[in-house]
């Protein structure tokens, strides 16, 4: 692999690990047992990409390359073990999680573009890859998904995905388009957390 | 396209729009943000057909034809915008939603029959296409799915789907079979809403 | 079919029936109507294998062979009818359900191994086949999935699946490997229910 590919691959694994660990922390508060937490962690970290691959009829990424599954399992077990001996603030996982969101968005959008999906579909695949795992995690924990009311989580993903589609359309080289779009996702997400940005909330007059 | 195909296609888009708008109204009551509502709307309007296509290993319909996705998005945004300035009664969407249910049932069943699925499987695909979106919508909103206790929603779909399978088996022309089965779904659903018909409820002796 | 295949096929159908009946009992407590219960029963009994087949890109098992769908439907209707006239203790279904878990674990793992899936993926497919149906059932009923805190349900499945992968790796004949792994699943699950074994629970220090 070229160094840039190795870097992207490594960040992808780090994103999987961060989302798995975050899944363990949420599931732990529900008094799940060890296995329940592992399932939630796997669903949170691998669910988005799995749905993308099933929708696009590609081979599911963690079946093609077992490293993702191993990484998610190890991260979940490590978070479980650590949380029994020390206090793990949920914030610890926010930065790698945001990096993972940026990378999943880019990889999901590029995978769809490579299969000649229409532009809106391609951007939605980026969002699904980035955000669906967190939705499944919250549904399994019987919570209303945080993604739906959190600080521009999926919105950041969609903006970056649309930017990536546009850059590809205008012929920008893949590597630069990916770097730029990923940085935009990261910047929006981190700024939204820092400054408390939110989308307008629906006020039904009923 | 022949006029009848254009009509069916148009009604299909209207059904998608109605289910997307109904998704926005439900999600709004949960104080989701704009993006959360869009996700619920997309899941409600496209989820049933997506599951059908993944189960049957066909190309997912809104990936093959982006119009469905665009329609669902626009309907969700319109319902969101409208609901901020005026009172949108949920009943407004019941008629197009019932038409959409009838059409989704017919298209789902026919898609399965075209792939030589067994008769019971084909009828279930009609029900999944028609009713699964509403189930996902309610699960995402952390509610017990209304479909499970509502006025003959999925039951109407199943009766129509079984009728369509039987008509096809007896050699009735596709167009007539589809029209008849769709009308039966619509008639049962509207009558059930009007007269409060319900299925027997389970009384466990425990 | 050879006698052993007939036996395995029969036990598989019995497992589907037991999980469908258990789904009816849970859904009934939520005051779902008849159709809602049927949907929950189908999701509980067919959901795990469906997800496995979609992830592995195989034809979905109940679409390829309608017997599973018919069995699940009949079992759900029978449980519904019986529960209206007599008291059905939930424990009645625990033994066939455990047998079904063992068989689903074995069949799911073998299906993945036959497609040359990596070992950890193959074992996870066994667990998904065995345990995912119960997760979907509980999510549809708006409950935190029991699998996550129950008596070694999915854990028994995973241990058996890993054993099956190891036995296959060491060249043990398929039939013997399947029998041994299935027995281990059954033994762990029944012992855990009998003696109240549980996995450690997460104690977050937050």
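Here the chain labels run A, B and C in written order, and each chain numbers its own residues starting at 1.
Criterion: a contact is a pair of C-beta atoms (placed from the backbone, for glycine too) under 8 Å apart; a residue touches a chain by one contact, two chains touch by 3 or more.
Heads up on the chains, UniProt names are A, B, C = Trimeric intracellular cation channel family protein.
Fair warning: this is a prediction, and the values are worked out from it, not measured in the lab.
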item: Arrangement of touching chains [line / ring / star / complete / other]; value: complete
item: Magnitude of the superposing rotation for subunit A and subunit C (Cα, nearest 5°); value: 120
item: Gap in Å, rounded to a whole number, between the CA centres of subunit C and subunit B; value: 29
item: Shared-contact residues (touching 2 or more other chains) in subunit C; value: 54, 57, 139, 142
item: Complex interface listing, subunit B residues touching subunit C; value: 54-57, 117-118, 120-121, 124, 131, 135, 139, 142-145, 147-149, 154-155, 158, 198-206
item: Complex interface listing, subunit C residues touching subunit B; value: 24-25, 27-37, 39-40, 42, 50, 54, 57, 59-60, 62-63, 66, 69-70, 73, 80, 83-84, 86-90, 139-142
